[in-house]
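Two complexes follow with chain A in common, the first pairing it with chain B and the second with chain C.
Presenting the complex of A and B:
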């Protein structure tokens, strides 16, 4: 029964049994303004203002140890996840970020790189990070244990948080919609209004989740140095 | 799951990493960072003359 419930997520856009669903990941690439022209258009200015706001925010988060250009990867990570999340809300477009394949692909290499760099180059610093500031001496062994575990599950939580948030919204909308044909006209209009409200919530969640992912990876990277 | 069968996870991993790199490239080339503008604008002396060769 569980596979049946989630089978609404099996997309049917397949040509010659070759599933082209994952091509929706590239949709965001078409929406980012291209840099062919000298004078910025309105879309250019809008996108640039978003990126610059994010850049200032991440630079603050990274603190004094951030090098020039260190916010760049997180800003582009935000844009990738934002477009994938948001495009998935439109009908017939596959939400690639709702699958662990994509989210783990993004989270695991990032976390692994931070950990390898930190542990190999700044071993002392990484060890001191295992004990937060101001813990009583009695609690230190337990804090080390807890911090180690929380460190290890970080890529998992990053990936699963994004995928689960995306799936939850879509699942709710689908379940509500599946009851539609068996209802009277009045209740169907209430259902539609509810679904539209949920769609607005989902668009907010899409933007927020992409922001959370980017901010958390910024924080994880700032802990290393 | 049917859409996971033809392409394996490794190729999907490579595709998504390349997509991330492509996104990074697009964002890098389309950002126009603001250089800090000076507060005092030095306006040099301009004589308005009629245009001639």
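Presenting the complex of A and C:
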């Protein structure tokens, strides 16, 4: 039973300290509409329009040489992270994407697969990618070092970007909320308005971060081929 | 009966197209009409195997879907129903941890 500032991020529940809070990861499954009738409902139209927009965007990013059908994994990734981020903003619902365990689980296998596939099957192409177009010949060794390092830290940056954004938002709201009991009525109303504004910002951040994760994964996969 | 199979009592020639919200077993008194003294007998008649419990959850899920999500002009109600249900669920499982929060001096 932790009583510190980060208790919001504790996945253990009060039922024998089992980590049942991780079940919030599956909340999106309840919200994604299942196709039953021929005529789509409003939810279906809404959800499908979002998915089609993303699909077209990712298809453009992947370019003509991208394997058709590879947009599906990135669109699914987007929806998983979106639901986790957004539902975590509601009171008492756990934000599973604020944990590196989850974000690294998403980022590391993806990156590793891209790298293994690229280096084994398109070794020459991967080597040429280490030197950007238009680099002066003098700078080429340094560019190779820099590009290698930036490549290696990619799973880390993907994971930490998502986790840190989620943690920062929740932490800020928690910190502001903890000062509440000691303030006068007037100041508390200002605090509440500030917290509501932060909540709106956090919902935008939740959606944007899921989009960023998906887009960057798409770009990393397009570089391999 | 494996995962994804139709219920054993379902017969397409008798029942027509499969409706996941419908119970195809032996008809019993609806729960809303059972007298209080007969609840024990009613419960003992029900099938309580894991497949039957899973089937009950599946039918309840599809009934909710048919009422709130699948209609052409559905609104935002199902989203908030899921959200509120999730909030209550997570409040309940974390209650023990949160019980003393208001009495802590240092948070």
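Quick notes
Convention: the second predicted complex is superposed on the first by the 215 of 225 C-alpha atoms of A that agree within 3 Å, B and C clash if a C-alpha of one lies under 4 Å from a C-alpha of the other, contacts with A are read in each partner's own complex, and residues count from 1 in each chain.
Criterion: contacts are C-beta pairs under 8 Å (C-beta built on N, C-alpha and C of every residue); 3 or more make two chains touch, one makes a residue touch a chain.
Keep in mind that what you see is a predicted model, and the values were worked out from it rather than measured.
In the overlay built on the shared chain, the residue A:79 is in contact with chain B alone; chain C does not reach it.
Residue contacts after overlaying the shared chain place A:34 against chain B and chain C alike.
By the touch criterion stated above, A:101 is placed in contact with chain B alone, chain C being left untouched.
Contacts of A:90 after superposition: chain C is touched, whereas chain B is not reached.
Touch criterion not met for A:214: it reaches neither chain B nor chain C. Looking at the shared chain after the overlay, A:166 reaches neither chain B nor chain C. Once the two complexes are overlaid on the shared chain, A:26 sits against chain B while remaining clear of chain C. Once both structures are placed on chain A, chain A residues 10, 14, 21, 33-34, 40 are touched by chain B and, in the other complex, by chain C. Note for the complex: chain A touches chain C at residues 1-5, 7, 10, 12-15, 20-21, 24, 27, 30-31, 33-34, 36-37, 39-43, 87, 90-94, 178. Taken in their complex, chain C has these residues touching chain A: 65-66, 69-75, 78-79, 82-83, 86-87, 90-91, 93-97, 100-101, 104, 106-107.
The residues of chain A lying in touch with chain B in their complex are 10-11, 14, 17-19, 21-22, 25-26, 28-29, 32-35, 40, 44, 47-48, 51-52, 72-73, 75-77, 79-80, 101-102, 105-106, 109.
Considering their complex, residues 1-4, 6-7, 9, 12-13, 15-17, 19-20, 22-24, 26-34 of chain B touch chain A.
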